[in-house]
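Chain naming follows the written order as A, B, C and D, and within any one chain the residues start at number 1.
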């Protein structure tokens, strides 16, 4: 921290923002100066943010490290706050690239597998129904995000699955 | 008046019924599953009975356990709410056989109207217009294909035992009929224990308008005007209002009279609803729901009638307290269903623990909820957390009030459909009353999940100030010779690890 | 309609006014003291301005700061709410001088009615019956003694600038007059900055009945029927209802007409209330409040009129939207004030942090609140946390509904008067409508603070299970050779102290 | 803890209750057996108690050791829970008696002293006004609990006082 303020980098919804927190209620976000106050540290985790005179209730949820879950008007977003040094370290490690095929099919919510509509090795088109998962008595068709080859099926009908669990692994579609 | 009632339900409707009963001095008995130990409906009852594990099939849908609880608590009556056992004729019969009062119509009426194909036959016979379609359940996918072809595409395949949008599939092409039939039947079996499915002409852009009915045991049947429930997604109602912005007084009278005819045809006793689809100046009988509806509060707000009170009065053998001409229609009311779903992710069911709950208040606003802070929202039951209802002298003022109320509603810990509702309440077609059941599919722009610049800046500012404050409060220990900070030591799993003194601090 | 309004108040009334303005599309500016950063009225406004420290004299009562905030936010109007600056003629004048609209009557009207002795003179001249008493402020204790003797005991000494029960002393004997005069003057100086006091005959068991008025700039004055506010303690209203259970339609008309006469006598514009005391078939002018009352919601519920909306319409230069004959009177409404006080300890002010807040909902229930979980309730301001309002077709159903709503209301972290309110709503004289301002002193049994056997057993059971659970969850380390347990190590200040393994575990 | 249940002593509002917590949802309070369940451990500190079929919401507040603050229907009570051994220790130490005169006058709430109506050495009757404290803009007369002699005055007008702070010490009224 120095006299001129503390520098941070904030990652929010895929975009990165440079922020300087001053000592006088001023915050500079991407070069624009704002008057900001944030109050309230009660048991409800609700904070009152006043940004350039405009008040908002902000829910400040679960944190680990610099990761915050924020609720604004019922919409929830995650924000990661790093100091300048940590942001540089992150940028360097991210430069190491990764090779990726089509994303695997993950369960978007907890539920029960009702039907698996594909077989291993099958080529599916984009939007093809792959697995049907029931949650809250409604059936949800999970579709292929892109044309892909079914590499491995990891679930069977009747099985309970967690949110984020991989159901089907896809591979690249290659000419056979 | 009956002395006591067991409410065979959970969530907001159980609480609504308990409230109504308490106000009449009726002793209330709540039932609850292991997942609902901390639900508000439990503590608001005079007595509470644990009836089984979270799975509805072994608790709220288990007739034996419900009747056992009623016996143990010496209940005089059972109110089924909506959903679960509310439209199961066998349940109504079992309640009567146990010598208890069933707060609802006779088992025969439920049976006749619960079988949607039988209902269509009865209504057509009574001179109530019905949507073209089959009157008998379909035996197979191929029979479905034949029937669909005869009715003409698009068609909708519907669970005969259904309701609430479950077990329904819209099919637009012949080669999709068999798959749709199977999916509808599977869902129907899971949801209602009955896989019967029939086919109807699918109206592309109808308005969903329904009439609230009440009958007593003395031959009196009245209607309490209509509700419009055209804002739906996947056949689930999202926003309801009373009256409909479409109907003229003459059409209102005509539809009300058709609904009363429908009720008289089945000797209706208690609260019920006749649902119509209205398109191009015509309306067709859709189905009759032999129970209280989710959206009953909008009718209560424009008529001043307490529908649950009337249910208890009629169930206790009383006559309806008003004649048709005495039932008021004053102002306008709107209801928004607040569900644990992520509307911008295809209405994915959301789960979590309610961490914060701010309920809107002030003039003309009503909250019928079923949750409190600390409740876990899981996947066992319906995602309806509560209903926000606003009333005003006219539709415009009710909308302005609802907009204000939605801005006040704050739920944290579980995602809800509130952001989508706020957008609909600002959308020009909605404001102008240009509604249809296709409204949501015709307004994909409502589903853009962009936060907006102002909210994005606010989120960045909040995050950075939270983190800045945290670092100021908890001096982050620095490991000598290493740039990294243990800035998250407080959130770790080893709370007894003391901070390493910072030589530079 | 005015474009924007600064609400020069806090708590529930600030939120009420902001709600009304938002519904009309008026831009809202909240002001807040350092103690109110997290108050609900702040986040519900479009803009919020910090105006000073917690002390009201340096924030909500500071005319310069309020006007400065209005200038900074380019507000077109100022709404004063009730209390604070609402009945200060100098404030109304300063607002007008600054070129802003004051949402309330003219400064001259406020001045005339704010000076209670002047008000009595004007009302008597207009033919409105007044309580016998002095018409000029008393200069000293000895002058007070003379005046009291002339009026006849018991008498009440009242702040001329007063309202809300502050700066009032009932005196029954000559030798108590001087002390009562000094206490009333001291309180009046502290609360209103004006120590003027006058004397009136004290009616022993009157009913407090007041009439809601509205006037516009076009010579129209209407009343919106009466409210009864007889349940008071120390001249502070606790429970209010509309209509009064006492008045016949003829008396209602007579009292309404007297109130309209009173308003016309001072060219009244905006919302106001004429308070009467009613005893032995007679009624007397008590005072005129030139602002919105705390208890305005009961009037809104029986008339369907949004009084804040009318205030904004009239302040914007509009005419009253209804004539006298068009103003409905439907059903019955009751309001309970929920205050941070311990009623069983002499209404001692209670402080704390709101840890839990469950707001009643369902049909016919309204909550006008000003707190959320996490708010600190201190001693800087009025103890009113919120108002619970219930309406029904008649007094009995409104009472039954209020009883149900009070059972649902749950506030933890600060004591409230709710337990007393529950008892009043069960008390036979209250149920029968046998009310007077002496009600609470005549019912000392309501203040027995005994928990009752059922609650006592429940508390014992809860405590023992909580402790049992705690010990099971956190194995209490045993120090060898000592019978004591460190059972509270988790609550201590050294969270990193690991439990000492229990050899006998 | 033993097979037949855990014994506790609960002090509530000046009365003492013997309680045995069984392992089967039974609790014996002063010899009477009750069916009890207590659920909920969420952030709101609200618990659901079902006692012999009657449900109630119970707020479980701040605890130190075996001390609990309970809220039932808006009334708040403190309960102290001791195991049998601790209760015996407490009983022994309480047997050492104390000699007491009239209770001192304590501030029942935080506020500002407006007036002190007595002088040192003065004898006041029961119910006599002693100190006036202003809180929330209302004056509150604090009265003598019994006839007493003013031993010591510890506050002066204009002074802010905390809840529980001793304002005036009383002594016994003795014939002079």
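Observations on the structure shown:
We take it that contacts are C-beta pairs under 8 Å (C-beta built on N, C-alpha and C of every residue); 3 or more make two chains touch, one makes a residue touch a chain.
On a predicted model such as this, the values are computed, not experimentally measured, just so you know.
Just to note, of A-B and B-D, the chains joined by more C-beta pairs in contact are A-B.
For the pair subunit C and subunit D, the distance between C-alpha centroids works out to 30 Å.
Per-chain Cα centroids separate subunit B from subunit C by 37 Å. Between subunit B and subunit D, the centres computed from C-alpha atoms are 47 Å apart.
Looking at subunit A, residues 43-44, 46-47, 54, 56-57 sit in touch with two or more other chains.
In subunit B, the residues that touch at least two other chains are 355-356, 358, 372-373, 407.
In summary, the structure contains touching chain pairs A-B, A-C, B-C, B-D, C-D.
Contacts from subunit A toward subunit C in the complex involve residues 37, 39-40, 42-44, 46-48, 50, 53-57.
The touching residues of subunit B, when paired with subunit D in their complex, are 30, 37-38, 42-43, 45-50, 73, 353, 355, 372-376. Across the complex, subunit A meets subunit B through its residues 6, 8, 10, 12-13, 15, 17, 19, 21, 27, 29, 34, 36, 38, 44-47, 49, 51, 54, 56-61, 63-66, 68, 70-77, 79-81, 83, 85-86, 89, 108-111, 114, 134-140, 163. By the touch rule above, subunit B contacts subunit C in their complex via residues 15-16, 19-20, 22-25, 40, 44, 297, 300, 304, 306, 308, 330-331, 356, 358-359, 361-369, 372-373, 393, 397, 400-401, 403-404, 407-408, 495-498. Subunit C makes touch with subunit D in their complex at residues 166, 183, 186-187, 190-191, 234, 345-346, 348-351, 355-356, 358, 379, 381-383, 407, 409-413, 415-416, 418-419, 422, 451, 454-470, 483-485, 487-488, 491.
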